[in-house]
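Next come two complexes, and both contain subunit A; in the first it sits with subunit B, in the second with subunit C.
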Partner chain A sequence: MSLVLKNVVKRVGSETHIYDTSVELHDEGFNILLGTTLSGKTSLIQLMAGLERPTSGEIWFKGKNVTGVPVQKRNVSMVHQQFINYPNFSVFDNIASPLRVVNLSRSAIDERVGRVAEMLKLTPMLGRNPNELSGGQQQRTALARALVKDSDLVLLDEPLANLDYKLREELRDDLPKLFADRGCMVVYATSEPAEALSLGGHTAALHNGQLTQYGETPSVYRQPTSLRSAKVFSDPPINSAPVTKKDGRIHLNDQVSWDATPAQMHIADGQYNIAVRAHHITPTPPSGASVKVSGRILVTELSGSESVAHFVMDDQTWISQSHGVHANKVGAVAQYYIDIDRCLFFDLDNKRIAA
Partner chain B sequence: MAVKSNNQKAWLFVLPVVLLVAFNALIPLMTVVNYSVQETFGNNVFFWEGVKWFEDVLHSERFHASLLRQLSFTGIILLIEVPLGVAIALTMPKKGFWVSVCLVLMALPLLIPWNVVGAMWNIFALPEIGLLGRMINGLGIDYNFTQNPTAAWFTTILMDVWHWTSLVVLLAYAGLRSIPDAYFQAAKIDGAGTWAVFRYIQLPKMKRVLTIAILLRFMDSFMIYTEPFVLTGGGPGNTTTFLSIDLVKIALGQFDLGPAAAMSLIYFLIVLLMCWVFYTLMMKNEDQ
Partner chain C sequence: MKKFTWLVPTIYILFLMLPIYWLLNMSFKTTNEILGVFTLWPQEFTFENYIAIFTDSTWYNGYINSVTYVVINTVISVSAALPAAYAFSRYRFLGDKHLFFWLLTNRMAPPAVFALPFFQLYSAANLFDTPLAVALAHGLFNIPLAVWILEGFMSGVPKELDETAYVDGYSFPRFFVKIFMPTIAAGIGVTAFFCFMFSWVELLLAKTLTSVAAKPIAAIMTRTASTSGYELGLLAAAGALTIIPGAIVIYFVRNHIAKGFALGRV
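This part shows the complex of A and B:
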């Protein structure tokens, strides 16, 4: 029941959309494709669906090579970022559309559409047209169309991106429940790290058409194998800077250095790049070991109950994120604490080294 | 107690619009209304006639015949140009170099002035020297648009189709291009065929632009004058005398200003009414 990509490459004209990619996606739970725009999420989804053919390489599904098999014969469903429904069909007919082509009896169609509509809270809207629905309802109709047939593979291409914040949260909570015990594989593309974390499952980090890491979502988040993966999986952007290790001390710059933590003791002397997530740089000291830095505040923003501050230290901008509302003045010099236990170490090729 | 003073300056700002509408629409229209209820024998002497001219026009067989010819012509060209335009738009390339080539080729007929189109087709279709005329006669069909009413109608319709189908093509093409690819992908996943894609995605998504295309083609063809005037002069006999040609004959040929003015107003009201009916019908499903 697994989906395997073997050395898949996709080129369009002189541009490479997907570089040589091999991965075996996990059968259960969500498989999340995480990356910014143009990272290749949509290209991969289209290859997996069979809407596009890879330039080279093979795609295997359930132990069969499906590389050249067109999408109609693959039993897949898909939900797009835009709300795609047949414009002059009622919600009922829209949901029933994938069933009409497989010659199901009238009563069987009614029964299945009714069940899916109930699940997605669309029952009162069944008689309406898609353009009379709100964005959330339109997207739920599209989801219902994907759920109503027993697909082997469900592809969700940023389905929540065009919804407003409240609806996004609501649907995001519902999604895993909707697909639980359906026995289908789900691939979910998103550009938001928070969305990947809340959906769980497995995550594939993508950057510029390259798969940088694939694994269980929490482990990709906590144990990025490269600086690229760490950057893909961080919002606000992860802080990174060069450091030098010498005589058991880590030097960030002339003023800032610290004694290597037990884990960092094993690293050989030399130059490295470190990465620290924004929420590990805080205005108050963390419970563990930390080092104090100071910088001039450039920008401050509040998002919900989180405060984010961008400050300049050594001609470099650093980002701090902390709980609570902190009154930071732009232009003021403020002090921050870097949680040194949470620093990720990378060699100069930006490959992660254990620390 | 504070009294809110009326600011009379506002009138100054409305004035340009009032003047524009007055000179552009109201005054010419009222002049026509003025003529339509009076009789004149020249020298600016007018006699009140009431609604006599309107009654005359509405009961005249000549008007009925022109109106019928006009309705047939408009009906036929709409039935040809709209499906043909949509069909051409569907076969046009979606991207690449040929898009611009096709668009320019399509736009060319629209850039040619009406009387030039009429003159072009007149020469093109002449049975003795015209390319089209000689070809059709060469096929053994007796074709002479200056003498045979069927040939005259055929030529007039062909000319209009050549001149104006492009407009429908361009509008339909714009409508088609604005449909996101995701719709076609969704249809592909559902296993929908070409016809189903056209019927359930492309056609409903083109509805707005097609409404505009039909309205524009209706209004334009209903008021057609120059092209048939240059091509056939309304003949042979009266067989291609459409409403506006007839109107000019009455107004400037016979100098019957009263009946001509009454006919103008009736003509105007018909166009207005038909547009309203068309628009309401086509927009009805839109706001359900």
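This part shows the complex of A and C:
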């Protein structure tokens, strides 16, 4: 059982929403589509559901070509970012609707709806109308409708994006439990790297309608194959800058350079781009090798136990993220340490080179 | 200053209600009283005028004819406009915006323009002097109106609702009838109301396309004099009764009507 996209392209008018994409999604756990708005997450989900037909290419599911099969015959479930429920149905009827369509017996419907409602803590609301519920309850109703039928493929299109912070955390913890041992594939679109990391599974990084990388979530995070993937999978944005390697030293600019670490020794001399995540640039030196830089602070943000500072060095803005509260004045010159062991090296085509 | 805030609305309502009061006032008077003396309320209160209307078939048939073609027109307009409005709200096709605007231009020509061709065409099709002829003719301005109002309501429903229903296994017709139409029920109500209203008040086409059998009440009311002289009391009573269907219909959509106006589609 697997979902395979073969050279799928989706064009609408003169715009290309999805460029030539081939990928075989993993059967177990979550498949996460990670990308910003307009990166093609929703387009891909609609193609996978069968709501849209690809302009060219094929979609295979469970070893069958389902490219032209309409969504009604595909046995999929879907939850949208907006809270979509049938406003004229009660919560019970909303959840029961996919079962009514296939003419399940009344007792079977009651039993299954009851079970799903219990799981999603909706039992007291079953008699109410969806628009009388809070946002979280509305989205749980939509989730319940997706869970109530034994679909082969569950598509979740940023289901938590319109919820407030607390509800989001709560539902995010529940989601993997809800889908555990259901034997269905789950595709989950999100724009937040943190959400992808906490859900685990496999991640497909998307950028402007192009799939930049697909693999296990932690490995896509730690070993991005291209600068694009690294950028998609970073929040705050990843720092990147050109460097030159010469005679065993790596030069970031006239003042900043360091001796290549053992891993970086293997890289041939030449010009590269490096990328450093914000939390690998800190105001205090990390435990391993590091290089000291200084810059004028542009913006500082405090979020509870974390400090984020944007500073300028060489006409370029760098972002530092660190634990603890580091109160730095805007405009002051401050010193930061770049963890050079964590620098990712990319060639000038922005393909990653092992280091 | 604050004491007089009631003044302006009161004057406004007074002016608004005055003609209606005067109509009702006259309808309970005898024609002699109307023509003879100026009275603020009926001196000889009488139901004669109403009794005359409800017993004279030429009068009450006018109401039956009017209601018949108005109801037929409302049903035709709404059922033709529902799929059209759905297409305009959900699909992009070549020239969709121009076609949509062209629909509106149909409301810009006065019905008088069409009176003559309609008269000939409906006569040729043997529909002259039937309620169906008037109902179809009123579709000329009511269907575009219905499409415009319904499109506004339909575009307010996210297309994700359609997608969710398809994912749940609904076929298009089943989704449309079971989920989509109830979702925009208020819009359908408002649309039906406006179709009803515009068809009810239209006189020219209704008069041109009928002679005896399907003569509408408004045409009968233009007959101010009869063999028995002026019958102003009778006319006033007929006018008072003509207000009633509109009042009944507006009662049902009173909560949704503002939305129809707010959409700027009326």
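A few remarks follow.
In the analysis below, the second predicted complex is superposed on the first by the 355 of 355 C-alpha atoms of A that agree within 3 Å, B and C clash if a C-alpha of one lies under 4 Å from a C-alpha of the other, contacts with A are read in each partner's own complex, and residues count from 1 in each chain.
The rule is simple: a residue touches a chain if its C-beta (ideal position, glycine included) is under 8 Å from a C-beta of that chain, and two chains touch if they have at least 3 such contacts.
In this text, all values refer to a predicted model and were calculated from it rather than measured experimentally.
Model built by superposing both complexes on subunit A: subunit B and subunit C clash.
Contact with both subunit B and subunit C is seen for A:Ser97 once the two complexes are overlaid on the shared chain. Of the two partner chains placed by the overlay, subunit B and subunit C both lie in contact with A:Val76.
Residue contacts after overlaying the shared chain place A:Asn129 against subunit B, while subunit C stays out of touching range.
When the shared chain is aligned, no partner comes close enough to touch A:Gln139: not subunit B, not subunit C. Contacts of A:Asn328 after superposition on the shared chain: neither subunit B nor subunit C is touched. When both complexes are overlaid on chain A, the residue A:Thr217 reaches neither subunit B nor subunit C.
Within the superposed three-chain model, A:Thr21 lies out of touch with both subunit B and subunit C [touch as defined at top].
The interface of subunit A with subunit B overlaps its interface with subunit C at residues 46, 49, 51, 70-72, 76-78, 80, 82, 84, 86-89, 97-98, 101, 145. For subunit A in complex with subunit C, the residues that touch the partner chain are 46, 49, 51, 70-72, 76-78, 80, 82, 84, 86-89, 97-98, 101-102, 142, 145, 149. Residues of subunit A that touch subunit B in their complex: 46, 49, 51, 70-72, 76-78, 80-82, 84, 86-89, 97-98, 101, 129, 132, 145.
Contacts from subunit C toward subunit A in the complex involve residues 158, 160-161, 163-171, 174, 179, 182-183, 185. Residues of subunit B touching subunit A in their complex: 180, 182-183, 185-186, 188-192, 200-201, 204-205, 285, 288.
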